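Dropping the structures in below, format is structure tokens.
One chain, subunit A, appears in both complexes that follow, with subunit B as partner in the first and subunit C in the second.
Let's look at the complex of A and B:
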């Protein structure tokens, strides 16, 4: 029987995927959100983590870019 | 949004009403592509339907694309009506919209210009010069934009020295340019930010369209207002017109539009008259996109090191620059800012796109750097686009994953179906798994059910 799962498909480049995987690995088992690691650039995750991921990615990108002080 | 789009979205009944004014007809004629103009003039005095086949013969075979585009435009605007034959078929024949035809004939052969009013002597001595009118129009329009821009700036909406009227505020809200903030004050919306970066002509039409809709919602005659606005465009600049011969609705329009600078009202000794400004003539005259009237000279210089110099005193232009640059100095006639990742990211989160930023810098480039190719240094333009792409590095979409298909054939059939309905996002035939967008889940589930039954 065909099985259908609701979630969020994440599409990104390879480094970003690794970053997301590492977030997932740091969480305790109960909170892991990756349902399937589809391929190098695609992940299928729980629907409720959308905002959390967006923020983490943004923080990460902010941290690794140099901003000239005002 | 522009005039032609506006017209072609109107229901036929309303459109036909608009054509009852020969000013609208002339404005439409002006706005058509050259080949369509020619067709209209050819057909102008022919009152019988012309076969589509014949019309196709007017264009050289290699210009068929242009011919079709012209026909489509004419059809959208209901200038050309299909008669007889089966509609959409090859043997359809066309004729000009009779109302349009009659009005245009009148306009072209009758030599009816805009009405002239003798200037009441009380006002004659104070006749404003064209330069005064221009300055007035710009000042009014800028105060409207400034109000909007300040509503978006942190620190409050009350900094502008002049507030637009309640009616105008209502219009901005209607157009979705402004919303209500959490604290109950006014707040500029994403749409509003984009509005600020549009060119003048588009901005004008956004406001006018909402104004007409507003009039209609009040149960008044919107078509009369549109016709009147078109008519204003044909009035010679700097000539006064008496208010007395206008209908009561038209009088109201004049009063309302004075506050955004479309017309200038002069009052003296109990008499009043109005002068249409460049803004008003722009409404219909610049229908062809080529002749956009740039209200002010460019003032921005962008350097390759992301420094941005704006030679301006206008608080509006400073406010707009502030949307996407980090302002460093504000001098009496110059603002210096830097385009930084942070500053453009704020702009992106307000719904402004990288292309809009680059286009704005380009359109308002100072005359000294106009000749430079490209006007905006490549490093800057590319970096702004890269920052935008960086923001969208991770894309998320609500989706459903399907798995455990009993056979490869069934899997292939469902994937095919998902692709046909445009929902397929990802697939892996080896593991028999695929992901489709959330919106089509019901359809796909029904398809799978059906499949397992047979």
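Let's look at the complex of A and C:
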């Protein structure tokens, strides 16, 4: 029986995967979005979270980037 | 027409070269920029205070919605190639360092403007009211400033700038407060200003005699004359060159009222005549002379001479601040200033170690006799003989201490208070704006104050307070020029990016580990390996002497134990410190030492030429510069150190940073000061080289997990940053002191169900557990006692 599941494959480096997993862990069970934790650098997630994740990652990176005040 | 367009193009290029992305957001105007500020973490101070001038310009800037940096209106002079300056209407000045008259232009600019960024080819300066105040105080006059700027500028000097200079210097330096024969005089070259001052209630009440103003003659500013001459020599007879003496009018005021008068004069509004303080030490017959001279073998370097000439320009000593890089001989400047003043000297430093060093420097450079110099620290209470001039070296803490003192020190402090000091030397003067040190200035009566520092930056905006607490900045050296002249080591700076390992990063992201974040990113096994690799490389292949800095005590201990190296931190006893440092200096087998924050300043280790920084005090720019200063003393032969020489770089500064953590943010912020001085940081991503990794510690997963376990078990106090009793860094106060988790750990319920969350303010990102270092948490009465017994 083939079971087809729609989702997004995320490929990233090791720390970034941990970051995404930690976002997932903080959500209540109903909203968890990781479908399969494939390996250190790959995740299979629900299709609707792409934008949310991108924003979160962007915020996160902004937070750890220093910009010289003009 | 075409020449005009060229002016704009080149000015734009210059701005781009040194302002580094500063322009990027400018177009959207000020409002938009302010919105971006909240991104800053709250323990960091937001941006530098905008100076008043720019604020005044705000409406203007908003008008030009997108081209507020368009200077194509400025008219380019036909011989612009020979002139080194671009002057923008917003007060920014760009200096071409390759110009043949760079040296003179630089000397002039440093006197009138604030250096913003000084890389190799184009420097950026900013005209601010404070910098003009400093210019006036070293004796430059408004019209001189304008005419020299006009002469050096490639374009016609913009009207706005001339007006700005006139407006801001109108009142500066017109009134001086002079201590002569123990009487205070308010002095000015124009009687009308004095009359205006006297209309004020407070001031006229403070006036002693009702007679006419006293008139005296004083020689003109030597330094200012010279600078003027340098720059105006080509043609144009100097206005009034023959009148080398000026009439000075003065009236005497009540010494009791000096504070009020000063305050009154500073008040913005109707009276706005900041007073310059000068000390006519040659004519001071009341205070006994101190018989010291520089030893004949003492060589003063040109830039030291220059800074002194700013201070003693008109034969009097004026208060102010001299900024020289670490390792450029600040103490010699202090000692030579003392030898010129030849009165009682009070020298204030930040720690007892530097007290010893200053005392040593005094003996080394000058002919001061042993009985003339006294040290006053908690360990060393040497009395000085009454009624005789002497040099007293002490710490800010000793003088500012407000609690009960021992009888002995009470007596000494009373002597210090009752005495009139000729010169107050303040080492590391950037600490003075801190609340507790302000007291020092009130307590000690001095004719003249000289502040010395390498890093005139604070993370709060109090740095400008120094203008009024001490005086204007008299001189600031250019780091790169000193490197080129061989006075400083040529340092290669590098930032090493270490990826976090999976397990460490997982823990780092957990909310409940917020207090241990620092420990986690510092103990990152990849960082450990990079550190180990660098130590090995420099020890074995280059035979260098290495200092490893870590603010995190837990990491300091772990690293040092694992690598079998000696380490020094706050609680390390004095004898052990000396033993370790002695071994480091003299034993060929001890090439590496681990230091905590205590090593930031004042531990003098001239042998070291490599610094590896594994953890640091948040985003403190000052700490970064000060650590770099540990290796700035030049080593090896000067001719090897030039570009392309045998050893172009012989000092190395590595900053190890864990990727994807808040450390990245801090690291970039910390570098800003050095980047502004013209240093550049190389980023290294592949360290250690992949083939080396297996030879280093923590290469197996099991070892890494053990390490992680240890980090997580360490109690929050251990894992936090060190707090020193005397540490009064500016950022510190913005930290939340409360640390959640201590109770849990104490009760043994760590990891159990009950959890406490702090409500209200969310924890700042990267806020570390405010460690309860035993010494720091004690009440201040006990702190000294425990601190002393441990030492």
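Couple of notes before you dig in:
Keep in mind that, in the parts below, the second predicted complex is superposed on the first by the 70 of 70 C-alpha atoms of A that agree within 3 Å, B and C clash if a C-alpha of one lies under 4 Å from a C-alpha of the other, contacts with A are read in each partner's own complex, and residues count from 1 in each chain.
What we mean here is this: a residue touches a chain if its C-beta (ideal position, glycine included) is under 8 Å from a C-beta of that chain, and two chains touch if they have at least 3 such contacts.
Worth saying up front: this structure is predicted, and the values here are computed from it rather than measured.
Applying the stated contact rule after C-alpha superposition, one finds that A:13 touches each of subunit B and subunit C.
When the two structures are aligned on the shared chain, A:65 is found in touch with subunit B and with subunit C. Annotation for subunit A, partner touching more residues between subunit B and subunit C: B. When the shared chain is aligned, subunit B comes close enough to touch A:35, but subunit C does not. Applying the stated contact rule after C-alpha superposition, one finds that A:47 touches subunit B and leaves subunit C untouched.
When the shared chain is aligned, subunit C comes close enough to touch A:21, but subunit B does not. Comparing the two interfaces of subunit A, the one with subunit B and the one with subunit C have residues 13, 16, 65, 67-68, 70 in common.
Across the complex, subunit B is touched by residues 1-13, 16, 20, 35-36, 38-39, 42, 44, 47, 50, 53-54, 57, 61, 65, 67-68, 70 of subunit A. Those residues of subunit B that touch subunit A in the complex are listed here as 326, 328, 338, 340-342, 390, 393-406, 414, 425-426, 428, 433, 435, 438, 441, 445, 448, 452. Looking at the complex, you find that subunit A touches subunit C at residues 13-19, 21-22, 26, 40, 62-70. Contact residues on subunit C toward subunit A in their complex (touch as defined above): 20-26, 33, 36-37, 39, 41, 46-48, 499-502, 505-506, 509-511, 619, 659-669, 672, 765.
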